[in-house]
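Same chain, two partners: subunit A is paired with subunit B first, then with subunit C.
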Partner chain A sequence: MVAYLFLLVAWPVSLVAINTFADGPGVLLGVLADPDIIVALRLTVVVALVAVLVNTVFGVGVSLLLVRYEFPGKRVLSALIDLPLSVSPVVVGLALVLVYGGRSGWFGPALEGAGVQVIFATPGIILATAFVALPLVIREVVPVLEEIGTEQEQAARSLGAGAVQTFRRITLPAIKWGVVYGVVLSLARSLGEFGAVKVVSGNISGSTRTATLVVEEQYLNFNQPGAYAVAFLLAMVSVACIVVVAAIRPRGNR
Partner chain B sequence: MSIEVKGINKRFGDFVALDNVDVSIPTGRLTALLGPSGGGKSTLLRIIAGLETTDSGSIAIGGVEATRLPAQKRNVGFVFQHYAAFKHMSVAKNVAFGLEIRKRPKDEIRARVDEMLDLVHLRQFAHRLPSQLSGGQRQRMALARALAIEPNVLLLDEPFGALDAKVRKELRDWLRRLHDEVHVTTVFVTHDQEEALEVADEIVVINEGRVEQIGSPDELYDTPANDFVMSFLGPTTRLDGQLVRPHDVEVTTAHSPGSIPGTVRRALRVGFEVRVTVLTDGGESVVATMTRATARGLDLGEGSRVWLRSDCLAPDVPEPLAG
Partner chain C sequence: MTAVAVAAPRRSTLTRSAGLGLGVAMLWFSLLVLIPLLAIIVTASQGGWPAFWAAITNEQTAAAIRLTVMHAFLVTAVNVVMGTVIAWVLVRDRFWGRSVLEVLIDIPFALPTIVAGLVLLALYGSDGPFGISVANRSSAVFLAFLFVTLPFVVRAVQPVLEEIEVEVEEAAVSLGASRFTVLRRIILPSLAPAIIAGATLSFARAMGEYGSLVLLSGNLPFQTEVTSVRMLGSIENDNLPGAAAIAAVLLVIALAVIVTLDVVQRKVSGRGRG
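Let's look at the complex of A and B:
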């Protein structure tokens, strides 16, 4: 088990770090001085934050719906939520182009007429990122909601708390760690999304090119050190997320 | 405040949980809803609290129509079997919850919380989390939390069901004393007849979604309305086809008018009493209980010939001619 994790995860990821600093910190600093790469990094962060925000609000809402309410089509909804995990991101990207594409999309021309460009622009990238990371918050929150049951919420109601007060003061604190973990997973996933973003972004350097696309572009242009440097930055953010959660999360509390 | 329940019906799918239930609970009393599991008593309590809706019928609390009122507007205190403690809040915060929701001034809340914690003897645990308390302490905290809002009525759903026998008994006595102090109209659900007989002023026996009988513990025990109430409220046996209490069966070694002959099959001593199983000549197996001294005086053993009679039977049994 340890060897498996080492060979598959730890060693390759650490090689990225080793390769980044093989010729000293100069490469990393050089990358950070490239204005196009700075734009790409900033775009990645903005897209990831917006996608995570949307998925958190939506995810907690859908989790409550799935656990606390009975309605026709519940099983279908639950299955649908897993779809983004099973469909290839490239397919997701193409599907979004079919719907929101500016020229021939089902919905795109109308939006374009209203002055909103989705595909080959930031909204499209956010959509694609949110789509692929959609189930992560829900899959973390649903089991926690099921575990805490409804008695605490009923007690709060009988003590005079309304729906919003009950959610804010009882439900949310109880599912806090599920939400935090879901957010971190979503953030890591959103920062690293490649396939869907590549299709919908148009990959325009200095405008709609995200960090993962920079890695590919640098690699294909035989600039391996540059590719390693950006890859290292992406990996660092993800590792940092997980370390931070592991550090602040109380022991035995989930 | 009084509770008036009229014509309540509730179904869960095909299952009829409550079937046209009428109950009137008087002000300031401690009332038990007693019945077997799945009989509908918890459902009735939850409907009174507004945690469950009715299919038809009406509820009034303190004379105010409450049928369509949501739980948070009914001002009832509700205590759950499994405490429903707010796990992320300290004991004091749990008790303060209802008052904070009502936006009472801070010093008033503090004073009220202290008063409540004194009442349930948890003052020294004010800053602990519920997970650091025992089951009995958690339930007392839940009770303080429910009482802090000065509820119109206090509703307890199997409040001692999750506790072990000793703590259960302590808390039961304590609830009785607390009620004598606080006087809030209290309704508690239990399937334990001993608990109901010991604690309640009045008992409502509920079975299969219907009210079987309402009355004081003495009334229910002495003049049960039907065989179900009789058998639910204590041990019973059949003598000459009639349901009687085993301690009401009189065992003699000499024939007397109206008595039924039989043979002792088994004499079992349980603590302070002796439980005798007699097979009558008519083929009926009857259980009689008596004190050890009585059993010794009769010199009962397996195979002894005995005659059985019960005072309860006397009026129904024609007196044979003396002889």
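Let's look at the complex of A and C:
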């Protein structure tokens, strides 16, 4: 079993670091000096931060609705929320193009008439990223909300606290680690999205090309060291995310 | 999302502000997810059933679908066995380096898929240390699927396994049950829903996988081209209806997956949601 994991995960992943620094740190520094790659890295970070922020607000809100309230259609909503996890990223990209595409999309031409370009621009990349990472916060927060129950919230309300105050002082501290966990997972997923972004971004160097698209482009242009260097940066962040999650997990459920 | 645990009478308990919140959330969810996915179904069905059928039975498309389904099944089968074994070892055995393994399991989930493809290529590509090359072969598809689906069964089974009480097993053994009987009669039945949930997610993930195999498989039509690559080809050739037809097939599979999960989650409590 250890051999299986070693051959499938540990060894291949360690090769990113090895291949990146095979010729010294020069390649990595060279990559960081390329203005187009800097633009790509910055775009990736901005997109990921916006998508994570949106998904966190949406996720915590929907989790509260799903756990604390009864309403018709709740079971359907609860099941549909998971859909982004089982849909292909290319399907996500295509779906967004069909609705927001500037030429023939359902809403695209109207939006472009109003001066908002979605597809082949940053908003489209943000939508695609938000789509694929949508359920991650909810999947972490819902079980925690169910576990803490409503007694403390009810006590706070009966002592005269308002809805906002109860949320801020009672609920939020209780679900804090679930939220953090969901945010970290969403961040890792958002920084690394590739397929959906490839379809909606247009992949224009120095403008809508994200870091993952740079990896592909560098590799296909036979610049393997460049591909490894950017891949190394991305892998560092995602491994860091996993380690953070592993570190905070014991306080939560495991 | 194990929200509806009790079959309570269905009446709304929304306050006015919660109702407003639900409205805003549904609006965003519709704009982001539901309407775009609906657009796929609408676009795929625009030419009627014959056009849809022609699009997905196009020789190259059918070959891609067959290849993807076959490898998704194979990989899921491997995951059911290996995932359960890995979960078992992580829960029942205490050994040095266990926390490192925990981190390793989650890496495929967090690692960007294109990076996953690159690292697999480094080890199993033509320049790799083994001198074997899966590049441009259908085994590349298998390998990429295996990598990205690794965590699903493990993470679904693990929490359930943690809750099974060792006392029950000991009681069975003391009553004369063999280890095999204990496994078959006590452990596997309680793990089954979690294994199914993990297997379903793993199958769905494999069916739609793109990033990790795009560099690895060479995307050769009829040989290593999977559905996602075929779809992207159609999109790039401006054949959106053709792409939407394949996407509709994948979407139906994705819907079947969440229905399965919804049914299974009723049997698995708490975090055992994969």
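The working rule: the second predicted complex is superposed on the first by the 240 of 254 C-alpha atoms of A that agree within 3 Å, B and C clash if a C-alpha of one lies under 4 Å from a C-alpha of the other, contacts with A are read in each partner's own complex, and residues count from 1 in each chain.
The criterion applied here is as follows: a contact is a pair of C-beta atoms (placed from the backbone, for glycine too) under 8 Å apart; a residue touches a chain by one contact, two chains touch by 3 or more.
The shown structure was predicted, so the numbers you read here are calculated from the model rather than taken from an experiment.
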item	value
Contacts of A:189 with subunit B and subunit C, given as first, second, both or neither	second
When both partners are placed on the shared chain, which of subunit B and subunit C touches more of subunit A	C
Partner chain(s) touched by A:173 [first = subunit B, second = subunit C, both, neither]	first
First, second, both or neither for A:58, with subunit B first and subunit C second	second
Contacts of A:152 with subunit B and subunit C, given as first, second, both or neither	first
Partner chain(s) touched by A:161 [first = subunit B, second = subunit C, both, neither]	first
First, second, both or neither for A:1, with subunit B first and subunit C second	second
Touching partner for A:209 - first (subunit B), second (subunit C), both, neither	neither
Where subunit A meets both subunit C and subunit B, residue numbers	none
Subunit A residues within the subunit C interface of the complex	1-2, 4-5, 7-13, 15-16, 19, 58, 61-62, 64-72, 74-75, 77-100, 104-106, 127, 130-131, 134, 138-139, 142-143, 146-147, 163, 185, 188-189, 191-195, 198-199, 212-213, 215-216, 219-220, 227-228, 231, 234-235, 238-239, 241-243, 245-246, 253
Parts of subunit B lying in touch with subunit A, wherever the complex brings them together	49-51, 70-78, 80, 82, 84-88, 97-98, 101-102, 142, 145-146, 149
Complex interface listing, subunit C residues touching subunit A	1-5, 8, 10-15, 17-18, 21-22, 24-26, 28-29, 32-37, 39-40, 43, 82, 85-86, 89, 99, 101-115, 118-120, 122-124, 146-147, 150, 159, 201, 204-205, 207-211, 214-215, 227-228, 231-232, 235, 240, 243-244, 247, 250-251, 253-255, 257-259, 261-262, 270-271, 273
Interfacial residue positions of subunit A with respect to subunit B in the complex	151-152, 154-162, 165, 169-170, 173-174
